[in-house]
Amino acid sequence: MKVIKIDKTEWTGGIDKSRAKYLLFGPVKDKDVQNNERYIFKQLSADQFPDMEASDTVLSPKGTVFPQTEKMLQVSLDPSVPDHHIMKRVDTDYSPRAVIGIRPFDAKALTLVNLNFDTKDYRDPYWCDAYQATTFVGLAVNKPSQFDFSTSMGSSPFGEEGLDVLLVDNGSEFLAKVITDKGQSFLDAAGFNKSADESSAQKIEELKAAAEKAVAAKVGTDNLTKRTILELHEAPFWNDIAFAYINCGTCTFVCPTCWCFDIQDETKGKSSTRFRNWDSCMFPLFTLHGSGHNPRGEKVQRVRQRFMHKLKYFLDKYDKGTMCVGCGRCVQSCPVNIDIREVCNIMNNYEPKK
Amino acid sequence: MDSLTKKIREIASNILKEGKVEMVIGFTQGTIPMTSKPYMARTPEQTENFIWDRHCTLNLANYITGRKEKIGIIAKGCDSRNIVNHIVENKISRDQLYIIGVPCTGMADKHNPDELRDNCATCTHRNPVIFDIMAAEPVEEQKLDDPFADVKAIEAMDKDAKWGHFQDLLSNCVRCYACRNACPLCYCPTCFVDESAPQWVGKGQNKTDIQTFHFLRAFHCAGRCTDCGACEAACPMDIHVRAFTRKLNKDALDLFGWEAGLDMTKRPPLDTFNPDDPNDFIK
Amino acid sequence: MENPYMPYPVRIDDIEIATEDKSLKTFKFVFLNKEDEEKFAHKAGQFAELSIPGQGEIPIGIASSPTEKGFVKFTVFKTGVVTSYLHNMKVGDIMGIRGPLGNWYPWDKLEGKNVVIIGGGFAFTTLRASIVYMLDPANRSKFGKIDVVYGARSPGMLLYRDELYEWEKRDDINMHITVDSTNDPSWKYNVGFVPTVVGQKAPKADPDTFAIVCGPPIMIKFTQPALESLGYGQNQIIMSLENRMKCGIGMCGRCNIGKELVCKDGPVFTLEELNKTPREY
């Protein structure tokens, strides 16, 4: 296992060097008009650096690969233009980019979303081209937040799934664990090439053990495979869980594994664009038929759908664990404090009456 | 546990035992520190889960819209005004409700829990305006010299600065609709943003579409908003959406002498016509 | 792999008003590029997304059989933004088709078997594709007896009327055409709801007979018990579902029933498979 040592004094220089080969994305501090401070993931301008002290962002970095609004096809509706009414793919820049400072649970989330967009029958070119053009330089989480429950959901503050490089903050330096060739290319482009000594591997393991121990919340998932879909679906606890719920899309928008989208056509003058937006299974419109029939017209049905999808349908369909990586953003942002950790425990402890 | 929580539990338990109501709506402790969660008790035992503290920031009137049961509801000043509004707008009838009034000295700000929320700092209706029983003695109402100072500050901006201010205000909106859904006034079966024939507003992250949503929603709440702050409490991006509804509240007061939710016998000004209504916009 | 969101350009070649109240029209589309037609090569039971630039897309069952070359046919009910726009389009207009999408009726499993086709209202589209496919001289000998029960509210609301009456005359297919009610004294066929006619006219079950059912939820609700009392087992009843769709390729996530996506794992399911899923359709 190769570990590179990056003195923090060399960090900004290396990042600057990497800009020659990569578009950079990372967390930066943002102050809004109310003077509220928060961190957001965005494309870095030529003089911006990723903030490696950033706390968790409200929105996950899934937007770097899957923008909230993304153009797909365009067409001219002008009959005098040749090829009118024939749709064409929009030109998007897929030159190499690097997302720096992404948390391990967010990187793992993208590997789960990949299962949806890259299948043996179809490949979504927009998502896949962006994902494949991206190098993920993750930052291990030495001090997990109170909302982190990644160790219960198949991830970890020091997880490596979905990452090309794992940076570990070791005080005056970063220890960079090289995971893939893509990661190596990034480190080369940044000029980070000092090998760390043998003690570094040990140090990483120590920090990892401490971080995993510090994850306070534990959630049970071992019984979820034992129940059938119908047993959990027909369980009596959903009405109680759903009472407080207000049908907004907050959890789905902040969640790194949520991928559902809507497709819309918008026309201006004689030219039209087909694009997609993040959509949410929590909205009543999500499943509304043209006839007016709505299979999930009641709010309890939608609440149940979200948790069943995350914790059961995905689990059964792909056999890769649940569709939740334990980042805790939904818990933090939900206006009515619907807590997936609580719901997961209820589902996990459920014993159907025989 | 403080005496107010104890009293609320006691009253709730009694009205359930006496069969006065089938359910009581209040708050319970959230799963993370300094949060609360809307909660419905159907049995006297379940009323032990009610709490009341400075983090009960949502508006419970949101949960009674269109229900058919007899409902007990714990209401602070602003919530009670929304209940009046619901009654006027036929979303619930007075005899379905048993209102447990709670005088309120203000809720904590989401990010600075030692401070009062913005809307609580300018609140002039801390005591419930309608109730069947009060859980505590009324508190003194605030006397404010200039309750709309914040609105006047924006009105005083020049045109470009004002527009820039509104653009910045809404730049982080992700169209999650938490504000709309937490608001008791927003009960349209199909919201205007979800209409497709005709489609009024685009669904993407286009700035104009985002602004249209917020401006139009504010107008739909004009003359009905009680400034309860549930919209801001719900917003995950901490957007000051009340900037627009406060302006319209000020206009309702200046133009029609109107404050929402104070009188069960009167309909809001945009619902009615009076020959004396201000009409200097007709030139 | 090709971009699955890119429609094949097509031209409207013919428009027929399919029902007397004009709420349904049958559209015949021709591919602008010959090689697209070859790539399209669908199977009876599949659907496609009809794509109108500037308006949107709608998932519609393919009404033409793969044995009908040179065109594809769809029958569309006018109900919303895109379908209303489509109803106002003219022969010669250009639009797009994405597909074929979804799975198809299990033709491999049905070889050598008897098939009972049951349809109601305007859900008959993929059933027409199936009947034309089976009756094609190259295919007819592959199947045993074919029975069809198809009903609509009134004679003028039956789809593909001329073809129905032609099939009725044939001796290699048993047609049981029905209407809910009619004042027409010259109506020659059955009068009664589809589930009732199924009970009266459909063949009793045996291990070699399968039923394909496609119709509005209310028809399916009452047809199921009728079939069960004739002895059909859950894996002998094949259904075609519908749901709100956008991508049609199993990615946007909205058309799921439990862990199955109607656009990709369906729309064709056996009753046995459906009974294992939540009833959210």
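Just so it is clear, A, B and C label the chains in written order, and each chain counts residues from 1 on its own.
Heads up, the rule we're going with is that a residue touches a chain if its C-beta (ideal position, glycine included) is under 8 Å from a C-beta of that chain, and two chains touch if they have at least 3 such contacts.
Please read these numbers as outputs of a predicted model, since none were measured by experiment.
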Practice item. Specify the chain most distant from chain B by Cα centroid. Key: C
Study note, to complete from the structure: Most contact pairs found between chains A-C
Check your understanding: How many angstrom lie between the CA centroids of chain A and chain B, rounded to a whole number?
Key -> 33
**Study point:** For chain A paired with chain C, centre-to-centre distance based on mean C-alpha positions, whole Å
**Key:** 39
Exercise for review: Would you mind pulling out the distance in Å between where the CA atoms of chain B average out and where those of chain C do?
Suggested key: 50
Exercise for review: Find every residue in chain A that makes contact with two or more other chains and list them.
Suggested key: 262, 264
Study note, to complete from the structure: Expected list for chain B, residues touching two or more other chains, is none
Check your understanding: Using the touch rule from the top of the page, what residues of chain C touch 2 or more other chains?
Key -> 80
**Study point:** chain A partner contacts - residues on chain B that touch it in the complex
**Key:** 30-32, 35-40, 58, 62-63, 111, 165, 168-169, 171-172, 174-178, 180-182, 194, 202-206, 233-240
Point to revise | List of chain A residues in touch with chain C within their complex | key: 72-73, 75, 77, 84-87, 89, 116-117, 119, 121-125, 228-230, 233, 259-265, 267, 272, 274, 276, 279, 281, 286-291, 293, 295-296, 301, 305, 308-309, 312-314, 316-317
**Study point:** chain B to chain C touching residues, read off their complex
**Key:** 196-197, 199
Study note, to complete from the structure: chain C contacts chain B in the complex at 80-81, 84
Study note, to complete from the structure: Seen from chain A, its contact residues with chain B in the complex are 32-34, 36, 38, 58-59, 68-69, 146-147, 243-244, 246-250, 253-254, 262, 264, 266, 275, 277-278, 280, 283-285, 331-333, 335-339, 341-342
